[in-house]
Each structure stands twice: as C-alpha cells, then as structure tokens.
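Below, chain A partners chain B and then partners chain C, in two separate complexes.
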Partner chain A sequence: MPTFKLDDRDIEFQPGDTIIQAAHRAGVDIPHYCWHPGLSVAANCRMCLVELGPPPGRGPLLLDVLRYDAKTGEYVKTKKPKLVPACQQPLTEGMEVKSQTSEHVAEARAAVQELLLLNHPVDCPICDQAGECRLQDYWLSHGANKKRMRDEIVHKPKAVSFGPTIVYDAERCIVCTRCVRFCDEVVGDHVLDKRERGNLSEIVLAPGRQLDHAYTLMTEYVCPVGALTAKDFRFKARVWFLRSVRSVCVGCATGCNSYTDFDPRNQTVYRYRPRDNERVNKFWMCDEGMLDYRRIHTGRVLAAQAGGKQVAVDAGLDAAADACRKIDPNTSAVVLSAQHSNEDNFALLQLAQRLGVTRLFLSGRPEGEGDDILRSEDKNPNRTGVIGLCGLQTPGSFKDFAALAEQGNLRTVLALGSDAELPDRASALSKIESLVTIATHQGPFVKAARVVLPASSWAECDGTFVNRDGIAQLSERAVRPQGQSQPAWKLVAGLASRLGHDLGYKRVADVQAALAPQERSGAAVQEAGATA
Partner chain B sequence: MTSQLTAPAEIVEGLGPNRVRGKVVKRPQRDVAVQSYIPEVIRGIGITLSHFFKNTKEMALDQRNDPVLESIDDGINTISYPEQRRPYAERFRGVHRLTTREDGSPRCVACLCCSTACPAQCIYIEPADYGDDPKRGGYEKYPKRFVIDELRCIFCGFCVEACPCDAIRMDTGMHPAPYDSRDQFIYEKDLLLSIPGRDGKHESANPRHEPGDPTFPGIDRERGH
Partner chain C sequence: MLKRTNYLSHSYDKPDGHTLAAYEQAGGYRSARKVLSTLSREQVVDEVKKAHIRGRGGAGFDCGMKWSFMPKESKKPHYLVVNADEGEPGTFKDRTIMERNPHALIEGCIIGCYGVGAHAAYIYVRDELHLSKARLWAAIEEARAKGYLGKNPFGKNYEVEVYVHTGAGAYICGEETALLNSLEGRRGEPRLKPPFPAQVGAFGCPTTVNNVETIAIVPSIFQVGGDEFSKLSALHEWNDGGVRLFGVSGHVKKPGIYECAVGLTLRELIYDLGGGIIDDRPLLGVIPGGSSCPVHLPDEIVDVPNDPRFAPYNGKSVLDLPMGVDTLRGVGGMLGTCCAIVMSDAADPVLALHNLMRFYRHESCGQCTPCREGCGWIERILDKVIEGRGSIEELNELHEIASNITGNTICAFGDGAAQPALSFVRKYRKQLEDYILRGGQSQTRTLEA
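And then the complex of A and B:
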C-alpha cells in the first residue's frame, strides 16, 4: 500500500483517499466540522487546513502576505505557504503533510476558530450540545483566545421548530451543511437548504415542508455544534453526567450499532446514539430506533404476578413451577421471543428440551414500516438468532400457535416475551388453561397469563442479537434491572432448578459459553464495529 | 554535692512503720461556718443576683455594649446570642439565595453547572422549557425545580463560582436556622427566591447588560464604532 507522511508518522492510504480520510482510518484526528466520513466533501469550514510539502522537483507554493508587526506598528511584506483543506486534497505517494507541527496551520486554525465564534451567542449554559460541542473542544485546543470583536453579534432566529423532532438555532449554526448533505445524500429528501451568504447564512426548510422524514434525529447527531437539537433530549440532561455502553438497537431486524447513554445516578437511559459499523448501519440510525430507548422505562412488567396478584419473584417462580409440573408434551408448547436475546431464548430452549416439550413457536412484535436505507419491516432484533438456535426444529409461527390455542389444544404454555405478532389473533390466548409468561413489557401474553415473571430489558443485561444478515452482536448492560425484574435466562434457570433440572447458569457468561460460536458475538464482528 | 543530699528542714525522715519520707502540712481550718456552706452559698447567690439585676437593667434601658467593640476589649466578653449577634464578615458564605430578573423570574437557566461543581452533591435541578410561554422573554430554559439540601451543603461556595448567570449567591449573611426536622433543611425554589441579599434586594448586584441597554459595554450598531 502507498504511504504518506503526516507530521512525523507514515500512514498507509488507498488510492483516491483524501488526507483526512486516510488519517481518520489510521486513528489520527485532523480537526474538522463539515467533513463527515459518510457524506460528500463540502470543504466550507476550513478547519482542516494542512500544510503540504513541495511537489518533487519544485519549490514550495508561497503566497505574498502582509504581516502586522506589533513592535513597529507597521505591516511587513512576508511569505507564507498556501494551506489546503485536508478533506479535499487527494493523496499521492510520499506526500508530506504537516498538521500538528506547522505554525502556519496552527495560526490558520486559530483564525478559523475565531471567525466561527465571531457571531456565536455563547449560550452554552442552555445548549444541549455543551460538553460534546466541537466549538468548545476546538476553542480550547486552538488558542482559547478571548473575543476581540466588540460589535454586537448578528442576531438570527433562535429555537425554530423544524418539525416534530428537531429545533434549530440559527445563531449557533456554523453552516457546515452536514445536515443538508445528510438529508440529500443519505435520505434522499431535499428538505433542508442554506440561504443567504456570509454571516447572514442560515439553514432553512423547503417551502411548505417540515423536517419529518424517518431519519430526522440523525441531522441532530451529525450537527457538530448545538444548532440542531432534538426535542426529545432537549433540556433533559447534561451530557457530562451521562455514561455510555455499546449496545445494539432492538427496534428492528437491522441491528444498528448504538451507544446507550444513561445517567448512572438515577439509572435512567436518556438516548441512543449511532455507533459506526461499516458492515451494519455505517454511521446512521433511524428516528424510530433512536427513540426506542423510551421503551426501557415505559410499559414494563416490574413485579411477578400469580393468580392475578402481585407476588415476590420467588413465589412467582414457585407458582410457575407448579404450572409446569403438569406439562404434557401433547398439550403443551413453548413460545420463544424474537425480541429477546440469544441467551434468554437458549436457556428456555434448554428447559423445553428437559421438559420434553417439542412444540416450539416464535412470536414478536408485529411488522412495521421499512425502507432501503436501514429500517426493516421485521421489528424484531433477533428472529434470525432464534431460528438459528432451534436448528432443524424450526419454530412455528404465531398464526399456527393462535390456531392451536383457538381449538383449545393447549393446556400449559411457557412463553417468553409478551408480544403477539398478529394483534387481532391475540384473543386466542385466553383459551390457554395455564400460561406462564416471562416478559419485559405489558402485552397480550401478560394479560392472558396465569403466572407472569418480570424479565430485565435489553438495557439491563448483556445479550446477543443476530440481525437480518446473520451478524451476531453483543449489546452491553447499561442500567441495573428495574423493579424486581431479573434477566430472563436467570428466571428460566430458577424455574428449571425448581423442576429438578440444573441448567448450571449462574452468570451470563455461563449461558454464553454454552452457545455455539456463531450464535454469540464473534471477536471479528466486534473489531469491525470498533474500527469506525 | 553533699549539701544537696541532706534533707531540707521541713522534710521529716522515716515517719510511720514504712518510714515514709514526707512533708508535714497543716490541716485546713474547718469551723462550723465553713462546714455548713451557708455563707458561701449566700455569697454565690449574691453574685448571680447582682449580674441578673445588672443585665436586666442594661437590657431594659438598652445600655448593652456593642458586641464588636466589646470583643476588642481584653477579658471574657459575652454576646447574648441570638439577641446580639457578632456581625459576619463581608464575604461570609451564608445560606444560598436565587437572584431574580427585573420581572421576578429566576435568573437561573438550569445549566446544572452548580450541581456539577458541588462537591457535596446537594443541588438538584429539574430543567424545563419555557416553550411558547409569553413569560419567556427571550429565554428558553428555566428550573422547574431547584432544591438545595442545606444539611448536606458544606458552604464551600463553588456553586456561586460556577454560576455563569450570577443566579445563585451566598450573600444573605444568614446561616441556616436550627429547624426541628430534617425536611425543613431542604430548600425549594420558592424559598430560595424569597431570601433577600444583605442589601435587602432580590435582584443580583451584577445585572446582565443586554446589547440594547445603555450599560452594555460593547459597541452596538446604533452607537457605531
């Protein structure tokens, strides 16, 4: 592979790479606002200026400039090298690029930073971006100069509603056009554009339109400053209180990589952010997925129920064991969940095997809207995983299950998850004599159940999810289990031990060790996720 | 050396069966008057009563000394707290207060800088959005709840230092009153807003100079360069 020299380091590049692309891949950060690895090059922020060494056999390209001499108070004729934006400059073999080591670059970047902050309102106290804002970061690392301009700043519209999810603040905007390019290039909806020039420029909506496509929250995420803020996250938390874990979105079968941002003090999840993964979601996530964190705290089953009353989890497990003792393979079934992780489903499959239950069914959330960008019609994160776990014994659909239940052929059913894939057939569940449900959320299976056991959600325990392309990915635990809930595999293990079968699962690692290699998140996949 | 080894005159050599060396002390005089304690008790009551009448007279006639001047004098001086109080220093960090804008709304914009800086973690703020509320007057964010646990507070003043809006101050010159239950030490927003500064005002001593104000330090478009 050809190499070029960035400061004192030799970095490999692929033909056609720009300087910033190759540096980004090698893990070297060249300061930038408008460049984004997933978008086209705009080169309008001028933050990534670098100094190039002269081409072979020629002298350096120098510009005549006047430099102010503070001692004499006069301007002196001098020369300085022509700087180029690293986001636009293609690389050639042996090119010498100076980024950190050039004084001209440092001067230029400090000047760019001063220009970008010239009309900035500096309302960081009320800005949600504060703490993860590039204007703040680069101001600190590029001079941290006090403002020299004594003029009143140019005032522009503040807190403009762009649609159901996004608020725009034109004063904070540096008009990098990342949001415009995202809408144009990734979503294909030309809803945003730029108007006016210079310090009057701002982002506007297309006439008669609202920012209401399925990926609006990504415009907030690509915004390097606090110009676009999400109505959902607005004023909810300060980012420096939040901690992140690497998670996988469970909103649909795509399995987008995400970060779960939560406050460890009150054990509350505040948002999802996309996590770069070239193989799955690249850099993006959809609105539906980014707002899916709300399900962690709403509609949950937080206590065990037996006979219509709330009981302790142990008493619930006892009641469930009583129900399961009557299991007869001819009139019993086990319902697996495409909403739950491989660990949970695997534990339940093991128990089903020990109890001799051969009728397996698979349920999940009903189908929804999909598109060609990211969203799947299948709104379940682990359908592929569960079918893989079952092997040759392909589980039946919810339709078959409802038909069997309707005929009254099912006496005892052990179900994971509370989702009925066909909501209009959910009434059949009431025909089941004794239904034991292990569920995270309220739903038809919980309503019809004789015994309900509260399971922890995906954010409260580690779990592996296999997406529609068969990639197994690990979602890490963020918060502690809510209420009395426990991980579903643990509830299954507790139920099994009461029925005289020891599954031997004490920690989640025990379950993962029992999974086949292709069913747990492989090291290769994790690495692929980590490169971006 | 030999002279030191000889015992002094009043030291008696070899008293009693164990031949203990010792000094002969005269027994105290204990006559009936001393043993009955009565004259001493009367003398003590006399001192107490003389102080009582002196203090009562001074209080009734408002002749008490200034505690500050008195504290400069030598000797033991008594300040009759809580009627008399030693004045606190100019920069004494007292109970917190929240300053208000001219329209009475809190200056606080709920940026959570104070609760971030607080080493005792005693400040709890719930931010909210003014939305389209006409009261907002150019502001977007305000604290829906602002709670300080004065029992947890260590009065370090970091919150005041951290505040970018001069919304929280400790210039009240008061310390928290000794309440009789813990929940009374939890100061809510309304209480914090109701406490005035030493000058008796609720507004900040450092008003915000908006670009339109005549006090605005910068040059604006109307005034030119």
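And then the complex of A and C:
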C-alpha cells in the first residue's frame, strides 16, 4: 500500500484517498468542522488546512502577507506558504503533510477558530451542545485566546422551529452545510439550503416545507456545533453527566449501531446516538430509532402479577410454575419474541425442551414503514436470530397461533414479550386458559395473562440481536433493571428451577456460553464496536 | 509606451456603431469567415497562443493556453462561457464593448466556440447592464438573420449558437466557477478546484470561461495574425501581447476607456489619457486595475534586482513601469482589469479603504470561514475608525486578519479582499493612525461630500 508522511508518521492510504480520509482511518484527527466521512467534501470551514511539502523540483507556492514590527512601527512584507484543505487534497505516494508541526498551519487554524467565534453568542451555559461542541474543543486546542472583537455580534434568528424535531439557532451556526448535504445526499430531500451572503448566511427551510423526513434527528447529530438541537433532548441533560454504552437499536430489523446515553445518577436513558458501522448503518440512524429510547421508560411492566393482583416476583414465579406443571404437550405452546435478545429466547427454548413443549410460535411488533436507506418494515430487532435458534423447527407465525387459540385448543401458553404481530387478532388470546407472559412492556399478552413476570428491557441487560442481514451484534447494558424487573433469561431460569430443571444460568455469560455454538452456526457474530 | 489603437473601439464614437452594418463596414465578420472556412481547430488555438492574449478579466491567464486545455475529443458537449459579470469596482471596460461594439463579441464567440470545440456560447451578463443586454440581444438577432449564427455559419457545417444569460447582481458570480453555478441555476458559490472548468464546467461538461474583452479581441488576432498582433505590445517579450482597453476613473480630468497597445505606463494613463489630475493636485495613490489590486503610491520605486527583465525599470517610479501582468506582479502589485482608480490628495484613503471593505463584506459569498467573518471584522474595525471610536490596538489587528484570509479560501475573492486591505494599511498607516488619534482629515466622514 502506498504511504504518505503526516507530521512524523508514515501512514498508509488507498488510491483516491484525501489526506483527511487516510488520517481518519489511521485514527489521526485532523481538526475539521464541515468534513464528514459520509458526506461530500465542502471544504468551507478551512479548519483542516495543512501544509504540503513542495512538489519535487519546485519551490513552495508563497503568498504575500504582512507582519507588524511594533518596535520600529513598520510593516514588514513577508511570505507564507499556500495551505491546502486536507479534506480536498488527494494523496500521492510519499507526500509530506504537516498538520501539527507547521507554525503556518497553527496560525491559520487559530485564525479560523477565532473567526468562527467572532459572531458566535458564546452562550455555552444554555446550549445543549456544550460538552460535545467542536467550537469548545478546538478553541481549547487552537489558541484559547480571549475574544478580541468586543462589539455587538451580528444578530440572526434564534430558536427557529425547523419541524417537529429540530430547532435552529442561526447565531450559533457556522454554515458548514453538513445538515444541507446530509438531507441532499443521504435522504434525497432538498429541504434545507443556505440564504443570504457573507456573515449574514444562515440555513433555511425550503419554502412551504418543514424538516419532516424520517431522518431529521441526524441533522442535529451531524451539526458540529449547537446550531441544530433536538426538541426531544433540549434542556433535559448536560452531556458531561451522561455515560454511554455501545448498543444496538431495537426499533427495527436493521440493527443500527448506537450509543445509549444515560445518566447513572438517576438511571435514566436520555438519548440514542448513531455509532459508525460501515456494514450496517454507516453513520446514520432514523428518527424512529433514535427516539425509540423512550420505550425504555414508558409502558413498562415493572412488577409481577398473578390472578389480577400485583405480587412479588418470587410469588409470580411460583404462580407461573403452578401453571406450567399442568402442561400437556398437546394443548400447550411457547411463544418466542422477535423483540427479545438471543439470550432470552434461547433460555426459553431450553425450558420448552425440558417441558416437552414442541409447539413454537414467534411474535413481535407489527410491521411498519420501511425505506431503502435504513428503515426495515419489520420492526423487530431479532427475528433472524430467533429463527436461527429454532434450527430446523421453524416457529409458527402469530397468525397460526391466534387461529389455534381461537379454536380453544390452547390451555397453557408460556409467552415471551407482549406484542401481538397482528393487533386485530389479539382478542384470540383471551381464549387461552392459562397464559404466562414474561414481558418488558404492556400489551395484548400481558392483558390476557394469568401470570405476568416483569422482564428487563434491552437497555438493562446485555443481549445479542441478529439483524436482517444475519449479523449478530451485542448490545450492552446501560442502566440497572427497572422496578422489580429481571432479565427474561433469569426469570426463565428461576421458573425452570421451580419445575425441577436446572438450566445453570447465573450470569448472562452463562447463557451466552451455552448459546455460542448455536449462534455461530447460523450467523456471523459481530462484537459491539468491532468496527469504527 | 503610449500607442493608441482602435481594434475594438473603432466605432465607439459612431451613434450606430453597434449595428451589424457598421461592424461589417469596418471589416467585421471577415475573421470568423476566414477561420471557419480555412483553419482547423488546432490552427485556431495555435494562432491565439501566438498572440499572447493574457486574460482581460484580471487573472491574466494566457487565453490560447486556456483553450488548449479543452479535451480534444469528448462524448460530452463543450461550452464557451463569456464572463460579462463586470462588477469589479472601478472597472467599466466590458460594458463599452457590449454597448458599442457587440458584434466583436459575437464574432469572437463564433471563433472561440470553434477553437474550443463548442457549439454554444453563454454570455453571462451582469443584471444591471441593461443596455448591454439589449445590444447583445439585438446583435445576436442580426447575426442569426444573416446566418452567421445557426446551423451553417459562413457555409461551414459547424453549428454555433450564442445565448445571453443574465445574472442577479452578485459580485461573486464573476468568479468563473460561481458563474457556472449561477448559470446552472444554483447558488452562486465558487466550486472546489480541481476539477477545473476545462474538465467539468457548465452542466458537468468541458467549458472555457473567458472575459468579454478577451473574446472580443480574438477576431482582431485573425485580422493581423497572431505574431503580428502580439508584437503590437511593448511587452511582447514578456508574453503579454496585443492591445487592450485601459480605463481610468477617479480624480482625473478625462476619465474613460482608452484602447492602447499593452505596455502603457500608469503615468501615461493618468496624465496623458486621463488628462492629469483634477485641479492639478498631487497624486495620492492609484489602484491599477479594479479594487482587488494593491494600491500604489507615486513615490514607489521599482526594485526587482533578481529578475534581469526589470533592469530597465529598476530605480524608476512604479508609474513609469509598463502595465503588464508580469511587470506589476513582479513589484508586488496586480494588473487586474487595467482600469485604474486614481486618487488625488483630495481623497481620504481611510474612507476609501472603508468603502472597499464595506463592498467586500457585502459581496463575500459566505462559504469559507476566513472570508465570511474576516471581511466583516475588517469593515467593523474601519467603521469604528472613521466614527472616531477606533483604537491602535484594533488597527494592529487589521493586517493580521487580512493575512489570514489570504490564500485560505476556496476562490480568489479572499485574496481580492485581503490584498487591498494589506496594501492600504501598509501604505496609509499614518492616515489611519491620524484618524484614531486626532479624528482624521474628513469633516463629513463620508466619501460622497
């Protein structure tokens, strides 16, 4: 592979790479605002300027500039090399690039940084971007000077609602056009553009439009400063109090890689952010997915129920064991959940095997809207995984299950998850004599259940999900189990031990160890964060 | 060397000089006929190369060289785009061609299209130039009626069409790639280069962008021959050939456009053609070619010891240096559009600088950070200086801001804004200080009074 020299380091590059691309791949950050690995090159922020060694056999291109000699009171004519933006300059073999080691680069970047903050309101104390703002980061690393311009800044529109999800502050905007390019190039919806000229420039909506496509929150995420903020997250939390875990979005079968940001003090999840994965979601997530974190805290089942009353989890498990003791393979069934992880489903499958239940069904959330960018119509994160776990015995559909229940052929059913894939057929559940539901959320199966066991959500325990392309991905635990809930595999293990079967699961690692051979046979496991 | 010519301006003083009849009477369209009926595309480019026409729009790039960058063969159509977005402060030469000799431009377009392999030429005219547009439209109609434009110009099976496209009054659209964006109906912002227009220009096709005067002078090349035409210039040896329109405005007795051979000196332009300075006052400074060029003082001395070509001029005043692309570049200046702005000592250089920077702040497209914010900052500091609220501390920031705009932007607008600022603060620092410390010489603090 060809190499180039960045400061004192030799870095490999692929033909066609720009300097910043190759450096990014090698894990070297060249400061930038407008460049984004997933978007076209705009080269307008001028923060990534670097100095190139002169081409062989030629001197460097020099430009006339001035210095002021305070002692003599005279200006001194001087020269500086022409700098190039690292985001635009293609690499050639042996190219010498100075980024950290050039005084001219340092001066140019400090100047860009100062100019970006020239008309910026510097309202960090009330800005949601504070703590993850490039203006703050680069100010510290490039100059960290006091503001020299002491006049009133150029005032522009503030708190402009761009649509149902996004608010725009033109004074904080550095007009890098990342949001415009994202909408144009990824979503294919030219809803944003620039208006006015010079230091009056601002981002505007297309006339008569709102920012209302399916990926609006990504504009906030690609915005390197606090110009675009999400209505959902505004004024809710300061990012330096949040911790992040690497998670997988459970909003649909795409399995976008995400970060779950939560506050460890109150064990509350505040948002999802996309996590780069070239194979799955590249750099993006959809609004539906990014707002899906809200389900962690809403509509939850947080206590066990038996016979219509709230009971302790142990009592619930006892009641569930009582129901399961009557299991007759001819009139019983187990319902697996495409919403739950491989771990949860695998534990339940093990129990079904021990109990001799052979009728397996699979339910999940109903279908929704999909597109060619990221969103799947299948709104369940682990259908592929569950079907893989069942091996040759493909589970029946919810439609078949509802038909069987409607006929009154089901006495005892052990169900994971509360979702009915066909909501209009959910009434059939009431025909089941004894329904035991292990669920995270309220829903048809909980409503019809005799015994309900509260399961922890995806954010409260580690779990593996296999996306539509068969990629198995680990989602890490963020917060502690809420209410009385426990991981579903743990509830299953507790139920099994009451029925005289020891599954041997004490920790999630035990389940994963038992699961590993099966999982590997069906799908390529991808560790969380395996790709940048 | 003062040598008046009339290749372009032969009918400037005739009331109907803009008509086809007058143009043909003066020998018009003979060059296009000759080119299309006798020469190949390569021969055309070679002849233009020999004439050493340096781009008249300000950058001074060799016209024939530019034409030769166009692909020899390509699947996509080629375009010739004529930059008639003349908006540089102090520059008013292109409009005289379009208003009084539009057929020279049309004929140049025919030859230019043939030379770059294009079948369509777009003339991008600044919106405010209403008479220019009307004259061009009329000229295109006349030429088409005669069959000079259309399927078979001069009997040659080589279709040429010329279209006039009006801008919307943005200075930045005079930058060639911003012009192409505007022509395509996009926001007028300069594009990243490379790719250059010769590879990816208008509508993604190979395109040559030339200034009005550059194209309009092309027929004259074929009248006298490339070499001969180049030799009209006193700077033929500098590869800076032919004749061009010199403009002079400001505090001169006879402001206007004068056609001369290249190699005229600033002194000749100001005192001979311009008739000297109003009230015969002393000269304070002159901006040689549009506001983006550094200003020159009358007492500036040419001192370029390491270039032998400057030997005859070293030690002389800059005013006596022949005006050429490379001569002025050599002394740290810029020839630009060759339309000089003359300031007598009645002018206030501080107010002049403020006026210039106000223009650049207003016209910066806002793409690149240094230019977008830097131009605004410079204007603000000057605002305060002329209002008597300035400080030496801020004055000392001006050159630093301008130096950090220079070279750090996508297009040359940044340099065009920074260079006059740098030259003004360097050369008129005393006047600037005077404003800050003693309130300055102006009673009104405006340029108008």
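Here are some notes:
Just so it is clear, the second predicted complex is superposed on the first by the 517 of 532 C-alpha atoms of A that agree within 3 Å, B and C clash if a C-alpha of one lies under 4 Å from a C-alpha of the other, contacts with A are read in each partner's own complex, and residues count from 1 in each chain.
We take it that contacts are C-beta pairs under 8 Å (C-beta built on N, C-alpha and C of every residue); 3 or more make two chains touch, one makes a residue touch a chain.
Because the structure is a prediction, the values reported are computed rather than measured.
In the superposition on chain A, A:A108 contacts chain C only, with no contact to chain B. Of the two partner chains, neither chain B nor chain C is touched by A:A26.
In the superposition on chain A, A:A513 makes contact with neither chain B nor chain C. Set against each other, chain B and chain C differ in how many residues of chain A they touch, and the higher count belongs to C. Applying the stated contact rule after C-alpha superposition, one finds that A:R234 touches chain B and leaves chain C untouched.
Contacts of A:D151 after superposition: both chain B and chain C are touched.
By the touch criterion stated above, A:I126 is placed in contact with chain B alone, chain C being left untouched.
The contact surfaces that chain B and chain C form on chain A in the two complexes overlap at residues 151. Residues of chain C touching chain A in their complex: 170, 172, 187, 192, 332, 361-370, 372-377, 380, 384, 396-397, 399-404, 406-410, 415, 419, 422, 425-426, 429. Across the complex, chain A is touched by residues 109-113, 116, 127-129, 139-141, 164-165, 211, 218-221, 225 of chain B. For chain A in complex with chain C, the residues that touch the partner chain are 41-47, 49, 63-68, 70, 75, 77, 80, 82-83, 88, 107-108, 111-112, 115-116, 118-119, 148-149, 151, 154, 174-175, 193-194, 196-201. The touching residues of chain A, when paired with chain B in their complex, are 124-126, 130, 150-152, 158-159, 234-236, 238, 240-241.
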